[in-house]
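Every chain is named by a letter (A, B, C and D) in the order it is written, and numbering of its residues begins at 1.
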Amino acid sequence: MANSKFEYVRNFELPDPLLPNTWVVVRIDGRAFTKMCAKYGFEKPNDRRALDLMNTGAKAVVAELPEITIAYGISDEYSFVFHKSCNLFDRRASKLVSTVVSTFTASYVHAWTHHFPNTPLTSPLPSFDGRAVCYPSVQNLRDYLSWRQADCHINNLYNTTFWALIQLGGLDNKEAEKALAGTLAADKNEILFSRFGINYNNEPEIFRKGSVVFRDYELVEPGGEQQVAAAVDNLAEPVKQSKSQTENDKKRRAKAKILVTHIDIIKDDFWDRRPWILSNKPGRVPKEM
Amino acid sequence: MANSKFEYVRNFELPDPLLPNTWVVVRIDGRAFTKMCAKYGFEKPNDRRALDLMNTGAKAVVAELPEITIAYGISDEYSFVFHKSCNLFDRRASKLVSTVVSTFTASYVHAWTHHFPNTPLTSPLPSFDGRAVCYPSVQNLRDYLSWRQADCHINNLYNTTFWALIQLGGLDNKEAEKALAGTLAADKNEILFSRFGINYNNEPEIFRKGSVVFRDYELVEPGGEQQVAAAVDNLAEPVKQSKSQTENDKKRRAKAKILVTHIDIIKDDFWDRRPWILSNKPGRVPKEM
Amino acid sequence: MANSKFEYVRNFELPDPLLPNTWVVVRIDGRAFTKMCAKYGFEKPNDRRALDLMNTGAKAVVAELPEITIAYGISDEYSFVFHKSCNLFDRRASKLVSTVVSTFTASYVHAWTHHFPNTPLTSPLPSFDGRAVCYPSVQNLRDYLSWRQADCHINNLYNTTFWALIQLGGLDNKEAEKALAGTLAADKNEILFSRFGINYNNEPEIFRKGSVVFRDYELVEPGGEQQVAAAVDNLAEPVKQSKSQTENDKKRRAKAKILVTHIDIIKDDFWDRRPWILSNKPGRVPKEM
Amino acid sequence: MANSKFEYVRNFELPDPLLPNTWVVVRIDGRAFTKMCAKYGFEKPNDRRALDLMNTGAKAVVAELPEITIAYGISDEYSFVFHKSCNLFDRRASKLVSTVVSTFTASYVHAWTHHFPNTPLTSPLPSFDGRAVCYPSVQNLRDYLSWRQADCHINNLYNTTFWALIQLGGLDNKEAEKALAGTLAADKNEILFSRFGINYNNEPEIFRKGSVVFRDYELVEPGGEQQVAAAVDNLAEPVKQSKSQTENDKKRRAKAKILVTHIDIIKDDFWDRRPWILSNKPGRVPKEM
């Protein structure tokens, strides 16, 4: 059975490389998660178990793909940032997207029982879709992440107030919606505080800030490294370094703990103190105490 | 926290629609499955449990996405064929690929325990990558599937002989490789038969033919429908039909059993007797007996 | 001056191949031709000199690129159809589009003086933009060409009536526009005939049908070749033929006259009698008389 | 003749936008210019008339498209750089490429007689193909232009020596090729000087440096503006400015002379003194003297 007469079909697979020297963001989103939330009884406005499960998935992806320099998640979405010098899979979009989505899904399904011990998964199982977007400059990348974190804040303030009106205030969905129509952030804070005694700023940071995932090294004193962004933009192509340096970097990355935290990534401070996220040069691994 | 100043970053997401009126094949492949096989002790040359698990994943994908008209799997790869009239996700490549990969992975990980009850999954978990390829004509599509099935045959004959030489003949890997260098199919059949008493044609069809997955309707008498391929190529755009007809099709599809079988899809007979695969018109659901 | 440290910039040129086995249509359009028409005093509703100049450009493109099987032009646009088996420039979109646009523009500017002997070109010169679109089936391709020819008819009937109302009826632009608002084809025919004694069907075919450009061979008796479209759709990949056959085809193509005609290409008859346009097999060159 | 049943064919035109916030280089190349050179008797190693004609074409393109910030040409190729903030044609690749190629070709063919008064153009006419490439950072862009200018130097030194060996030294092509095999730049300089009394550095700059085209404003004192590149990389999106400012910029651009010069663009000096090329802010128009 000669296969050669069929092999021409390989020519139909068209190349899909992403532009070099750009930050690649692979963002994944839960498919039909509104139904999922209802089916598995996720708590409103936030289900801590579900967020922890998302973070378990994200850590697995970051651990598996060291080319990812930072990840950020809210609700049922997660964004994974590949460093602009990354050449994984020759930057083929479909390989990058499908590998992230598959690794995340595998971990999510596998860790489900750990986070929802009393709720067995049934068909259709949770799944995610994904896409890759390129950002040319550090500023573009940071604006992307700021956009997601600002979205987290806006949505969470709304949802927290909406569900307080329902769960504590006794309104139904339509009434709550109407009560919030046209309100500003200050109005929602006021409703929460005056009607329900809730200080929004005391809500858990995981709900207000989302989740930030990265390899953890020793923080750098602010001041010295503020030029990282400009320096990184200037890097026109992957830095060529010696094999031993590459090996050394690899070891440091492998040693580093993958941290899940819930802090502000819009302001400069986060980036100034963690120059390795933009530079891709692993920092000093903190000593265990 | 006004989000508007960051929203410009949405413009960086570039469109990736696939050409209309072409057959979309999403092919997924196991990542690093050579390691996986060793880690979980898959049997050689074929592990029936692993193939059944792949087929479980494929059935879940076909059940979830009725736009898939046929799927074909061998080893750790699976190809899913979306009908050329399919407009799912506006034919966006990344959505189609990531949804297939994620749905497959979820099912694979979830069903693992069923197929490997004594082998718990550990990190790194199995995962898959994927890609989408468009085929303009029925002939191109059939040649693609023929290419995969011919590959299945070639690889399986080689592997069966290779592992017979090792497991039954006591050779080591290098000796077996050397023994097979330059041999033709007939030579391998001869080695199997004369040295080990194995008639290759009696090997299980799932190993020799791979797995074919589709919705099952009543077979059609050969002869009447041979013009399906040409007729389908002539369809320039999705047929517009009445709502009730669409509803009717949907019900028939939902009722149809998703079959996993192991038969020849290179010859015309398979296609002639199952015109619904190319026409996308659900056939008659067979009566239960 | 070592160049090697800059050469990495070549990696930024991303591939842009068009899907194999699809008909490639490169359509070009005049840039800012409304201004051009005014500047050079083109006659309304149609300027025969300008159309002849467009056709001169189209003939040059078809002569230069034998992979083009048919071209169709109206007003300041032209569509060039590359046969689906064409592999020119490895089907790179930008090469195909830019070569067609450049060859057309060169001929247009060069032949200007011949068609407008008393109107010298001045800056900004006429120019054209272009794009490539793939059509998977013969039916798609014919529907594309039918779309353009139907557009030609609709626009020309409107313009003919519009300018008759102005040039013969003494209306101004706004009055003419108003007079035609909501009219059907029959109404426009009636206005032309009853008010101006113009029988639209006697208008020159170049205005009513546009221009069709192809290599001319002996017509085929209708009846024998009606299966060409289906047969061509079945061709999955470029037919492999002997070198002498290829040479022979090349000679026939070089001998064939490139015809500019103005006939119906929506009905089957045009295609049935000229099977070489879809099959890409040159026909019999007619004997000179 | 209802057109609606054909209109579906419009859906086959796929989008091709280029990534925002990247420098777009459209490079055009002469098609089959080796034949052209022979046909029209271009002088070797450089034909000044042919280069001037290329520069005439380039000036026309830059004049027509104010979004082009700089252009660079050698031999039969020209690169046009659109500022990274440019949104012309919504950054559609085929529109950008085809418009540049067409505008260039029109000017080239139209100005031919001026530069080659005694050599009428005949069919096939000169034509050009083109492609668009995106560069994310200023450094990438400058490296691209440096690559082209370094290529100019390398090719011209080779060609000057090669043709001196033939035209002055009486060698034939093969002998000249052999004489140069393995030689370094210093060797070629030495051959030129010792054998033919040619000091390569005295060769015309247009041959040694190629041609640089840009809008001319008052030079800036070096020192003050060296941060332009970093500042420009930081610009994440098009600067929003008042309408009157935009109008003002437009007027300055229109007033500015388009300069064709032949200078080093590899070193920083060129860029430091002409900050408007990277910043896209028109400078001060020099007073006429």
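Quick notes
By definition in this document, a residue touches a chain if its C-beta (ideal position, glycine included) is under 8 Å from a C-beta of that chain, and two chains touch if they have at least 3 such contacts.
The model shown is predicted, which means the values in this text are computed figures rather than measured ones.
Remark: among chain pairs A-B and B-C, A-B carries the greater number of C-beta contacts.
Chain geometry summary: the mean Cα position of chain B and that of chain D are 50 Å apart. As a whole-number value, the distance joining the C-alpha centres of chain B and chain C reads 43 Å. If each chain is reduced to the centroid of its CA atoms, chain A and chain B end up 32 Å from each other.
Across the assembly, chain D contributes 8, 12, 14, 19-21, 134, 140, 143, 236-237 as residues in contact with two or more other chains.
Taken as a graph of touching chains, this assembly is complete, with every chain in contact with every other.
Residues of chain D that touch chain B in their complex: 8, 11-12, 14-15, 17, 19-21, 236-237. Of all residues in chain B, only 1-3, 5-10, 12-14, 16, 28, 31, 60, 63-64, 92-95, 97-99, 101-110, 121, 123-135, 140, 143-144, 146-147, 150-151, 153-154, 185 touch chain A in the complex they form. Against chain C, the residues of chain B that register as touching in their complex are 19-22, 84, 134, 136-140, 143, 229-230, 233-237.
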